[in-house]
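As written, the chain order gives the labels A, B, C and D, with residue 1 at the start of each chain.
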Amino acid sequence: MGVEQKLGNMGAVTTTLEQAVAWSRTNAMWPMLFGLACCAIEMMSAQAAHYDMSRFGMELMRPSPRQSDLMIVAGRVTRKMAPVLRRLYDQMPEPKWVISMGDCASCGGVFNNYAVVQGVDEIVPVDVYVAGCPPRPEALIHGVLTLYEKVKLMKFSEVKK
Amino acid sequence: MPDIQEITIDDLKHLVSERAIQGETVLLNMGPQHPSTHGVLRLLLELDGEIVVNCIPDIGFLHTGIEKNMEAKTYQKAEVMTDRLDYLNTVGNNLAYTLAVEKLVDLDVPVRAQAIRVILVELQRIASHLVWLGTSALDLAAMSMFLYCFRERESILDIFELCSGQRMMTTYIRPGGLWRDVPVEFEKAVRHILKTFPRRMDEYEALLTRNPLMLDRTYSIGKLTGEECLSFGVTGPMLRASGIQWDLRKDRPYSGYDQYDFDVPTRTEGDVYARYLVRIEEMRQSLRIVQQALDKLPIGPVRSNNFKFVPPPRSEIGVSMEALIHHFKLWTEGFNAPQGAVYSAVESPRGELGVYLESDGGPKPYRVHWRTPSFDNLQSLPLMAKGVLVADLIAIIGSVDIVLGDVDR
Amino acid sequence: MDKKLQPILEKLEKEIGATVSEYRGDASLVVPAEKVVEACQQVKGLGFELLSAMTAVDYWPQETPRFHVIYQFSSISRNMVLTLRVPLAGVNPSLSTVSHLYRNANWRERELWDMFGIKFNGHPDLRRILMPADWEGHPLRKDYPLGYEEPQFTFNFDEINLRKPYAKE
Amino acid sequence: MLLEYAAIAAFVLVTILIGFIAIGLGTIFGPKHPSAKKEMPYESGMNPIGPGTRRMPVRFYLIAVLFILFDIETIFFLPWALVFRQLGLFGLVEMFLFIAILLVGYFYAWKKGAFEWE
């Protein structure tokens, strides 16, 4: 972050600031509206009234990468879609995270052939992998909560320069 | 990882009009990541202000090579691939594939299994129409419809989970019948839906059908005549909304559909509003079919006892030697289908879903081609999109009801 | 085979010299490659308004008719179904287009060009439709490898981890 | 006399301050890793075709002007609504006169087809 490039490690001051920043991030992390295949339908059910991902701060699914902090890769990534996905990841503002939802995004899943990229971590750095084909909405929400744990532990000093 | 190809105007010269080349009209990508393309569809729009002069669809962003992958799997294992094709109609895909395999190996299916198949496929049709209603109403800014429709869909997915343990990718329909019989609570759960769903449908109709906002956005927009539909190979609700009554459940019945009486809703205007009315009426007809199928649900086995193709039940394996041999052979090597080619089609919520299955006598399908309805329905989009406002184009895409897994296979 | 199809098959057999065969209750005609457009015109005239499906099969080791292009027609007015099979040679297979008769043949022919490498002369816009534009090879041919990649399990995690191209930030 | 305006001045000051604080914190503390790809215009994941700055059709400008016209009309309702009670009948008639004048402009624009897109 900008502040730690300036402040560095100032003990109590930065730790409370870290907690404040982590609190603000985990309570309003907007995912990018970006569904590829079957997992997108389960992501829609997770966003809808019954499972309601908005309880965890994911109120809105922002269509454009400019206003989203989290990219949920929901579905199989094909060879033709891979450069587009990388372009969208590059166009997201800086504190950004990636959840690879479902087996097809995590490791190619059922499709081990010429058309599918075997795991989206060959294209974008992934923070949390959610298993399942498609993962139940609760599994996706569990993945989101694990991501929140990871965000909470982020220290200023070790941020990517 | 290759970068995105630079597309310049001159290699689209044969597609776009003269004005685009001089730079008068704008070439805009309604690209793979767009909230209202219902998946990773890319439309290259040639815009003159808000008017769409030309619309060039570019598909293939979800091409998973399912047909090639199915050639490397045995007949039973290949069925797992079929769920991922049209992921809103997974039980319907299983049925299409299973009917093709049964036609190829000439396998009989017990009556109870056929009735349960009809119930599940009709419930899946309602669930698929609900996702269509929810998302296309969301595109027309009716936010609450999305939440209502997905609330109903949960009750239907619970039934699939009841039978097969999986909400969407059930693989519950197997060649020769079903994976196993339905649990005891199945009838009560389906009765609950039959009781509550019609009232919910009236809520949706009250919200949308005579809503002036909806009428302004959908009435006489994206018109298609019957002949244009047929020349584009459009089937399903879009064809029936243009006045041609062609429903495979009625005209070429399969899996016992001729026992149930239901009528096929058709309209003549052929615009977005007519497709909306046809799909809403289809949901009610599906309820009628489920009602009749559930009332006359026959008692009996759910799997054919031709153990050359159907794995024998666990109880018999310990007892008889042949059952053990069949069990072992089927699960290791699969059954050898006779040489030949078969085409069998079912009525999916989007149209005629056909499977061309060819076998060379081995345990693996030699060639599986999926005739998917969205592939042809999407071809009529450029015709409907000419001279239309961009906002209307979004309503038209919603009414075509495409699923990109269906289009790209 | 249903009775209504009988006169149609005789008519096509005489005029186009197609050979009729029947399997599991469905009739299919084998038509020589140069007579495709004429056969499709005849079939369309006989009431088959809908070209349901159009696909191809690759009998790879067999070189002479290596490809079979299959047209699947269905007639809505008279409720009939008919299959047309066209054998094609293996080296640069080509066929004349029927997209002027059935407009949904446009994308289907583009798919056959993309997946099998069968050229369609007279097609308005023969580009790849499913694969990326700069893709070499035609995936659905039998001699095209499936492209299997070894999945990462616990026992071979480390070796694959070394050569797996992880994305840099 | 000046004191009455102090309230409005404070109101304007606070709103501007909030605006600057929100944006300012973002720019100061936010991490900045600009890259060529991030600067490119976002066109749903693809490369934009043709030059960025294109000739905009004049109809957009027409719609913008009409919007501003009627938007400001609604802004004038706000202060009127506050003192609506004290003004009594005079205020009511005055406001309806104001609306009537603008309605004339509205029907003129409608007649001339400014709302149709062609």
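We adopt the following convention: a residue touches a chain if its C-beta (ideal position, glycine included) is under 8 Å from a C-beta of that chain, and two chains touch if they have at least 3 such contacts.
Note that this is a predicted model, so its numbers are computed, not measured.
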{"item": "Gap in Å, rounded to a whole number, between the CA centres of chain D and chain B", "value": "45"}
{"item": "Averaged-CA centre spacing for the pair chain D and chain C, given as whole angstrom", "value": "57"}
{"item": "Chain centre separation in whole Å, for chain D relative to chain A (CA means)", "value": "35"}
{"item": "Averaged-CA centre spacing for the pair chain B and chain A, given as whole angstrom", "value": "30"}
{"item": "Sequence positions of chain B contacting 2 or more other chains", "value": "1-2, 4-5, 31-34, 60, 63, 65, 68-69, 408"}
{"item": "Residue list for chain D, restricted to those that touch at least two other chains", "value": "45-46"}
{"item": "Per-residue multi-chain contacts in chain C, two or more chains", "value": "131-132, 139, 144, 146, 165, 167"}
{"item": "Category of the chain touch graph - line, ring, star, complete, other", "value": "other"}
{"item": "Touch relationships between chains, expressed as pairs", "value": "A-B, A-C, A-D, B-C, B-D"}
{"item": "Contact footprint of chain C on chain B as seen in their complex", "value": "1-2, 5, 14-15, 59-60, 63, 65, 67-69, 72, 103-104, 106, 230-235, 244, 246, 251-252, 340-343, 345, 352, 354, 356, 358, 366-367, 369, 371, 375-376, 379, 408-409"}
{"item": "Contacting residues of chain A [partner chain D, same complex]", "value": "1-3, 5, 64-66, 84-85, 87-88, 90-91, 93-95, 159-160"}
{"item": "Complex contacts: residues of chain C adjacent to chain B", "value": "23-24, 26, 28, 49-53, 55, 57-58, 70, 72, 74, 76, 79, 81, 83, 102-104, 106-108, 124-125, 128-134, 139-140, 144, 146, 165, 167"}
{"item": "Residues of chain C that touch chain A when the two form their complex", "value": "131-132, 135, 139, 144-149, 151-152, 164-169"}
{"item": "Residues on chain B engaged by chain A in the complex (per definition of touch)", "value": "1-4, 31-35, 39-40, 60-66, 68-69, 80-81, 83-84, 87-88, 131, 135, 146-147, 150-151, 153-154, 157, 167-169, 404-405, 408"}
